[in-house]
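Chain naming follows the written order as A, B, C, D, E, F, G and H, and within any one chain the residues start at number 1.
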Amino acid sequence: MVMRGFYGHTLANPLMLGTAGYPSPAILAEAFRASNAAVATVSLRRESAGGAGQDFWAMIRDLGIPVLPNTAGCHTVKEAVTTAHMAREVFDTPWVKLEVIGHTDSLQPDVFGLVEAARVLTEEGFQVFPYTTDDLIVAEKLLTAGCEVLMPWGAPIGSGLGLNNPYGLRAMRAEFPDVPLVVDAGIGLPSHAAQAMELGFDAVLLNTAVAQAGDPAKMAKAMAEAALAGQAAFVADPMEPRDMAEPSTPVIGKGFLE
Amino acid sequence: MVMRGFYGHTLANPLMLGTAGYPSPAILAEAFRASNAAVATVSLRRESAGGAGQDFWAMIRDLGIPVLPNTAGCHTVKEAVTTAHMAREVFDTPWVKLEVIGHTDSLQPDVFGLVEAARVLTEEGFQVFPYTTDDLIVAEKLLTAGCEVLMPWGAPIGSGLGLNNPYGLRAMRAEFPDVPLVVDAGIGLPSHAAQAMELGFDAVLLNTAVAQAGDPAKMAKAMAEAALAGQAAFVADPMEPRDMAEPSTPVIGKGFLE
Amino acid sequence: MVMRGFYGHTLANPLMLGTAGYPSPAILAEAFRASNAAVATVSLRRESAGGAGQDFWAMIRDLGIPVLPNTAGCHTVKEAVTTAHMAREVFDTPWVKLEVIGHTDSLQPDVFGLVEAARVLTEEGFQVFPYTTDDLIVAEKLLTAGCEVLMPWGAPIGSGLGLNNPYGLRAMRAEFPDVPLVVDAGIGLPSHAAQAMELGFDAVLLNTAVAQAGDPAKMAKAMAEAALAGQAAFVADPMEPRDMAEPSTPVIGKGFLE
Amino acid sequence: MVMRGFYGHTLANPLMLGTAGYPSPAILAEAFRASNAAVATVSLRRESAGGAGQDFWAMIRDLGIPVLPNTAGCHTVKEAVTTAHMAREVFDTPWVKLEVIGHTDSLQPDVFGLVEAARVLTEEGFQVFPYTTDDLIVAEKLLTAGCEVLMPWGAPIGSGLGLNNPYGLRAMRAEFPDVPLVVDAGIGLPSHAAQAMELGFDAVLLNTAVAQAGDPAKMAKAMAEAALAGQAAFVADPMEPRDMAEPSTPVIGKGFLE
Amino acid sequence: MKIILNGEPRDVTASRLSDLMEELGFAGAKVATAVNEDFVPAGARAQTKLAEGDRLEVLAPMQGG
Amino acid sequence: MKIILNGEPRDVTASRLSDLMEELGFAGAKVATAVNEDFVPAGARAQTKLAEGDRLEVLAPMQGG
Amino acid sequence: MKIILNGEPRDVTASRLSDLMEELGFAGAKVATAVNEDFVPAGARAQTKLAEGDRLEVLAPMQGG
Amino acid sequence: MKIILNGEPRDVTASRLSDLMEELGFAGAKVATAVNEDFVPAGARAQTKLAEGDRLEVLAPMQGG
């Protein structure tokens, strides 16, 4: 199996997990331990007098895994670029999950701003993880802009709908055989995560489905296992589905008993 | 989580694995070890002069897990009942995976013969695992006949198409909350196995998808992990899918940078 | 195109329409006129002192199309058979839409009672239209019992979910090339009706989707047109879907303009 | 029902039909007559010595319906703009179906070139029908560029796969309630056309599914009827699909016969 | 005598079903009859006598799906 | 005498099933037997005699799904 | 002189596009023209001169999807 | 002087950003700063002076998806 590196970094496992919306920091930490997630996505927000951000950071640091800061909520190139710079200083990493949001309801990426911001940030030495759509031309432009990873959405952020357009994701995999691909957003169940990996993707990035589950730690672990299972299936060369059924028990040699 | 017993037996994990069509006995054994499958399905066939069946049996016995003999290929009640008796003597178990095939191409069960054979066998002390459809009335009759497990198909045997009618399987789960349910046949990928368990099923039974994979052991393990992941997700109380997207990163507190 | 007859009767068009649950008798009549439905399904109910049934009958008779009395709500063979006899006397037709309901919520047919009732009624000279599932073995038994039409459900009655298992319906069409097949129940939109006919079915039977639409007459007409369109498409030999794109506008001869 | 105009022009019916790949000019003309298509899409290609284009034009002109020239095969803004100008002169219409192809296999539009070309052409007085994706942000930019119509693909051109992502198309309809929307490309069957219209779209544009059908005229008519049926259903306010079934025949008043 | 008409208790005079149908106002109506859950064809009503407590069903055409 | 063993004609000497199993080399094998489509438990083989033309099935464990 | 007509080399006499169209038999035809990848409207053909090696595209209505 | 700190009006004394961070209790905190929507790296805070009405953003690590 080709292990595609993420800017030279090989993921410990194919799960990237978000840190938002958990019932408590303790449960968040438990979810990460249980799932052995390879990456933790984080953001920057206004620091409170109480220094809430400092406590959060201490907790994340203790997870001992790479952090991927996002530019969530940014609607312009300038805003995203500035946020990326601040994140690089705070988190001390060249990685950035680049979000340039074009639509407030669906949180669909603005692919125009995305490509421009990706170009700017790459030139400034960032390693960009672009949150994008399954548009192959946009993908091509992101690669030309210097991205070495693509993260198409499966469905709108927080929807849990799964893969709305498996055809598009399959086409993306076929088009860019050497590029690490991550399904980012939309995954609601382990079967969705498995399906993404069965398509040959390199990882899944999710948050809401874990944070809002009744038992986030259990769900996080389930997501990680399903992603690994889907990955293994892809490597194991699955059977071709057949339209007509065939017996799996050989009929030859069957006794005559009627 | 309710652990529904199979005639008093609790499965070590939610995977029942078939023993047909592997490239070699060694690979079969490897697939069972790798997946830690809880049950092995087997059949009875005419013994050859060379005693092929004896070697096969030695290998299966070494797996050290419960065997579930099937009545594969039987098209009549009498044939299925006789086969079950012979299997009970040979395998020394009251368990029988009851197949009364009604359609040679699709291997669709004959639900009429199935219910009748289930009644007869139950009276004769068998513990019947009926391979059936998602028909709720047939299911009711099988339970009345004494079955304590139901095994509806997901898709035709050997098709690998997955769950052709998730609605019907979901209805079955809702209708029989206390009955152990197994999706038997049709599963081609780990995501299918996960989906079945996410519906609240108690196990999956598969064979072709593992035996015909390029790497059966790897696929077997993937199927087991996906089934466990789906089961865990069901227990963890998944989020409700949402038609409209929501941000998973809280926008409150976002910096003003444009 | 093979025009499969319904007990020797050729349908004027592939729509059978129910008469239940309309806002008013006037709207019901309008829906039938607008759709030019070929058959009207009716039932028998206790006559009121006021003679409500007499008025209903006058209205239906004026539609001037064949009526298909059902045995809706019958849960036993005896009840269904008796109802069929009463219907034959009242409606003066050998046709009966045979429903033997096995499950009160889903209104799933009891295929055991169905086959038995079909046998009895056929022997007594009825022409049975059995409301059944997509079970091929049940279908075979219904034909053996004397049925010359099969009416599998698409989804539970009144659900409007469409075709829950197109695979099963397709298999049914392939298995019984000479038998008139009708998708009865579950159709909620014209696209569902078209899909059923594209599978090669001979008609669709629906009620709720029309009666409960905001504009029943408009919806009835839409259903009829979609059914006809699907039927025409099946006859017109549709293209095979392709996994990859193909230019429809010829590339050859394109001017060189860059 | 809101009849959304196409640059002030109201379509006679919701079908736009392509003119490519028919077995013969006679069959093409028959398909247009049979379907009463509202618009004919055409292209520009190098004229032969024999003047093949002149004959083609005579035949199209005789259809007596508006023509929509495309820029099929153009991969750059300049090429598309030049082609549009030449088309405007030849076909004497401000309408242009703007295609800027970004991907040779999938014929996926290059949304960057598309928006730029749309801006240029609008400024030069064209009325642009952009062949685009279901990307809401691209759609917004196309409208800002002056487009008053959007034509998202359902699936790759010539694939006949139908609507690969109904969710995205539904979101587009919800986002732009006042903009005429056309599903362009991917439609292979009447049920696909009906589904697009049931989503509230204003028309469908197709070609291959008709031209490559065994009987193009019959298929063209079927597509038109299905589109009209889907449109009518949308207007008629369809029932909500229900997860649990309900009887469509009222049980009240049922006779007691068992 | 008392019978059960369409599930409701009812005091009636006539015992012959044909007369009873008259009495109940169903003369000439488009209805089918069953007594004690058995179908009684119109032609057999004249020879059919009801007894105290018998259950009579009188069914008419109604909407159906 | 001639019997049908697992679908194939076969000349055999023993008529008692238990002896026949020995003769056929199935002694002690993990197999189940049926004569003329009826199951014969191992314990009943000694009392079971086969006649000319009888059909004997000897089934053993084999792969199954 | 030699030009490229619709991608093919071609020997032509006329240099004014309007005359050239006559020479090429496109007089009055429903076609649009481009020279060296730039659109030349019909009205501008008379003022448009072609030189050795110019690329002329003459496009006509054709089937399209 | 009055500035806007994270969107809220705030009276402050120090004008040099580094001093101001002390004054605001952010000394040594894991935060990044932006003045009037431009990023100010930690190393540049000492040379950065704020004026009346300037907008200061002080951002810290927080949960994200």
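Convention: a contact is a pair of C-beta atoms (placed from the backbone, for glycine too) under 8 Å apart; a residue touches a chain by one contact, two chains touch by 3 or more.
Just so we're clear, the structure is a prediction, and the values are computed from it rather than from any experiment.
Think of each touching pair as a link: the shortest run of links from chain B to chain G has 2 of them.
Of all chains in the assembly, none touches chain F and also chain G.
Touching chain E and chain G together: C, D. By residue number, over half of the touching pairs seen at B-F are also found at A-H, the match among D-E, C-G or A-H.
For the interfaces B-F and C-G, the C-beta contact count is higher for B-F. Centre-to-centre separation of chain C and chain H, using mean CA positions: 72 Å.
Centre to centre, using the average C-alpha position, chain C and chain D are separated by 32 Å. In this assembly, the C-alpha centroid of chain B lies 34 Å from the C-alpha centroid of chain C.
Between chain B and chain H, the centres computed from C-alpha atoms are 62 Å apart. Residue positions of chain F touching 2 or more other chains, listed in rising order: 6-7, 34, 37, 57, 59, 62-65.
Touching two or more other chains at once are residues 18, 20-21, 43-46, 70, 72, 78, 82, 86, 105-106, 157-158, 161, 207-208, 247-250, 253, 255, 257-258 of chain D.
Listed by chain label, the pairs that touch are A-B, A-D, A-F, A-H, B-C, B-F, B-H, C-D, C-E, C-G, D-E, D-G. Every residue of chain D that touches chain G in the complex is listed here, in rising order: 18-22, 28, 41-47, 49, 51-54, 56-57, 60, 69-70, 72, 78, 82, 85-87, 89-91, 157-158, 207-208. Every residue of chain H that touches chain A in the complex is listed here, in rising order: 6-7, 25-26, 29-34, 37-39, 41-42, 57-65.
Every residue of chain C that touches chain B in the complex is listed here, in rising order: 102-103, 106, 108-112, 115, 133, 135-138, 140-141, 155, 161, 164-165, 167-168, 171, 175. Of all residues in chain E, only 6-7, 34, 37, 55, 57, 59, 62-65 touch chain D in the complex they form. Residues of chain B that touch chain A in their complex: 18, 20-21, 43-46, 70, 72-76, 78-79, 82-83, 86, 105-107, 155-162, 188-192, 194-195, 198, 207-209, 211-216, 218-219, 221-223, 225-226, 228-230, 232-233, 235-255, 257-258.
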